[in-house]
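For reference, chains read A, B and C in written order, and residue numbers begin at 1 within each chain.
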Amino acid sequence: MARFLKSCYGGKAVHIPDGFLSTPVWAALDTAAVPAVAWVARRAQRGFDDRQAPLLGLMGAFVFAAQLINFPVGAGTSGHLVGAALLAFTLGPAAASVVMTAILGIQALVFQDGGLLALGANIVNMALVGVLAGYLPYRLGGAGEWRRFSIFAGASLSVVVAGCLALSELLISGVRMQTSLLGISLAVFLVSAILEGVITLAVVRSLERIQPTLLQDSPPHKSPALLFIAVAAVLLASVGVLFASQAPDAIEQLTEHAGPRSFGWLRQAGTGLAGLALIYGLCLAIGRTVSRNRSV
Amino acid sequence: MTPLVEVHGLRFRYDDGTAALNGVDFHLNAGETVALLGPNGSGKTTFVLHLNGLLRGQGRVSVSGLTVEPKNIPAIRRKVGIVFQDSESQLFMPTVLEDVAFGLLNRGLDSVTARGRASAALETVGMSAAAARAPYHLSAGEKKRVAIAGIIAMEPEVLVLDEPTASLDPPGQRSLAGLVADLPQAKILVTHDVPFALALCQRAVFFQAGRIAAEGPVEEMVCRFDWHFAFERSKSPR
Amino acid sequence: MRHVILERWSRGESCVHRRDPRAKIVALITFLAVVATAHRALAWLAPGLLLLLLAGLVLAKLPLTGALVRAALVVPFTGVFALICWFAGEPALGLRLLAKSYLSALAVIWVVATTPLPALLNGFEMTGVPRFLLVVCQFLYRYLFVISEEAQHMSKAAAARGTAARNWTAPGPSFRAAAGALGVLFARSYARAGDIHRAMLARGFDGRFLQLHSENFRPADTAFALVASLAPVAVRLTVERVVG
């Protein structure tokens, strides 16, 4: 069962299909995704003129294809890349978000992988928050002796954060899950996250050998403390959101009266969404300061 | 009469520092067909990419009076059509007709005109029947013809063909030579195919190590550089 | 690759294929919203909507079995959740999720299989999606073929040198080898992509993909958008009135 779960979770858990999310959840996330993607696209376009669109497309296609290549991890299991962090390391956060959005869009349209109404949720989880969470450690420690750790941490963090968000959204939407199952899911996320970290590190190293200029520069930082604090903070925040959205009575109320008459679900969904908004805003703010620093 | 294409002292270095062109002087007159011969890596393809500004080096390149510089690039790309060696890289639209119309739409033609001109170009290369097919289902020879149609549809003044006969079988090469000979434009053929060059070109230019080592009638160049494919038995070819 | 089949279907000829992509996008979004917000009487509503989609597929002259099987690609993920719900003592919820996501996937297929992707993306552009994003989508889709071709060449070359070809996709080679293969795959695709882009520039490409088909929103498109969007709403209202 655990392996079956893993095969569906590892990367795909984060692809929520249509029909799973309750209306307020998908509607809110779609609404949030639209201006965010517009903003990110404009940002990316400023950094990359139109003629570089092919490079972004190529990176997207590469990550898309890389997701299909299995990495043997022993004991008969294998994992695959999700790629949000890899894109952030190679293209910078804004362009990575655009490319990830493009990947999710094509997957939803052409491969029936992830839903169209749930696209907003998937974009927020992976293309926006996932990319930023992946980029943060690289930004803080990508140059210097903690480089390898920050690449690993960035890739892992992007998977944990995206997975926790997806799970929270499902819970808020009223998909029931016992605590034991939640524990299993978290464990699975952790395994996928470590895998993502190791695979990303391996791919980054082999890309660096072939095309050394491909990776983004990050400014030198002396102390790794900030790096660890940032990683821990994002980790805690995402797990916190997950547990906040799991309050059992909320689910009770959600499944029993899903009609517009009960306002219990609205309050609960509101709490969960506020949590999401918080982490999203946090990442956005970090991203903005980061890019402002870069342009100076 | 001023030549259609004029190049003076063209030098180019790749990003990794490799010098690819070391001072090339070249001209092409209207209606003329010139072969670019020379060993692999001697700079033929690099040279050709300068003619429509895909690469920019030092020196002067002009096409029918227009200097190749950023403000002239759209106009220059209309005058110089390049058929690339690898048809796969050139054909990327979902159907043959759409692919041939690609450049026409980029030029700002409306879809009705573009469709008409694309169909006419397909007619010229004898590929009308394939208009609705997907390019990647065609044979190598058919792909090459479609790629040529995509360029001649744009009615360039200069047609550049990079290794047009590579990967074609002998009948395919023959029929391609017939097709190219009938096209009215001034042509530059980058090729290793001596019979092809002999059949089509009045003049040949021989590239060596990033510069033009010699030019003259095709036969003369072929003899001077021992530039043919005849192997002698039992001796190792050199 | 799997998606080639959708590409082939989208080149077909039917009254649905001929409609403006925007009309189909509107109809699709309405259908998805109807499915997503449905709570009551799903046992009757789901078959009703399925019949509607089947009618749509027939109208578009698409192979029924093929489309139904393709839509089942969502089942692995949905199935896990259905199982979880089953174990949690809520089999009905599981079935509901399964039905909803299957219907949504089938609806998406109906649109994607009747609209070539470039036209569809063009339709999205006209509904306000950032152009830069869509150009990236176009290139992504195009380079996907390039990369899969390069991957096939590489696995053939590996097979010729005695490494089993299946190693690229099945466990077996060392972790490093897989990462190295990805690196080489990237380098080769990067070079190919550069060639393609150069060929596009040579033909005057300036960052936007233009369409050969004229995109005029005709009265027939308006009518189609109205009918196709109202149909699922009507089905749902009828079912809810009769059953609920």
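FYI, contacts are C-beta pairs under 8 Å (C-beta built on N, C-alpha and C of every residue); 3 or more make two chains touch, one makes a residue touch a chain.
All values derive from a computational prediction rather than experimental measurement.
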| item | value |
| --- | --- |
| Contact graph of the chains (line, ring, star, complete, other) | line |
| Chain closest to the assembly centre - both centres taken as Cα means | C |
| Between A-C and B-C, the pair joined by more C-beta contacts | A-C |
| Centroid distance [mean C-alpha coordinates] between chain B and chain A, Å | 47 |
| Separation of chain B from chain C, taking each centre as the mean of its C-alpha atoms, in whole Å | 39 |
| Distance from chain C to chain A - Cα centre to Cα centre, in angstrom | 22 |
| Touching two or more other chains - residue numbers and ranges from chain C | 142, 196, 200-201, 206 |
| Contact footprint of chain C on chain A as seen in their complex | 4-5, 8, 12-13, 15, 17-21, 23, 26, 37-38, 41-42, 44-45, 50-51, 53-58, 60-62, 64-66, 68-73, 76-78, 98-99, 101-103, 105-106, 108-113, 115-117, 170, 175-178, 181, 198-199, 202-203, 205-207, 209-211, 255, 258-259 |
| Interface residues, chain C side, partner chain B - complex | 7, 11, 116, 118, 142, 145, 192, 195-196, 198-206, 210-214 |
| Interfacial residue positions of chain B with respect to chain C in the complex | 49, 52, 54, 74, 77-78, 81-82, 84, 86, 89-90, 92, 94-95, 97-98, 101-103, 105-107, 110-112, 114-115, 118, 132, 136, 150-151, 154 |
| Contact footprint of chain A on chain C as seen in their complex | 2-3, 6, 28-29, 32-33, 35-37, 39, 70-71, 73-74, 76-78, 80-81, 84-85, 87-88, 90, 93, 96-97, 99-105, 108-109, 112, 117, 120, 130, 132-133, 135-144, 146-148, 151, 168-176, 178-187, 189-190, 193, 196-197, 200-201, 206-208 |
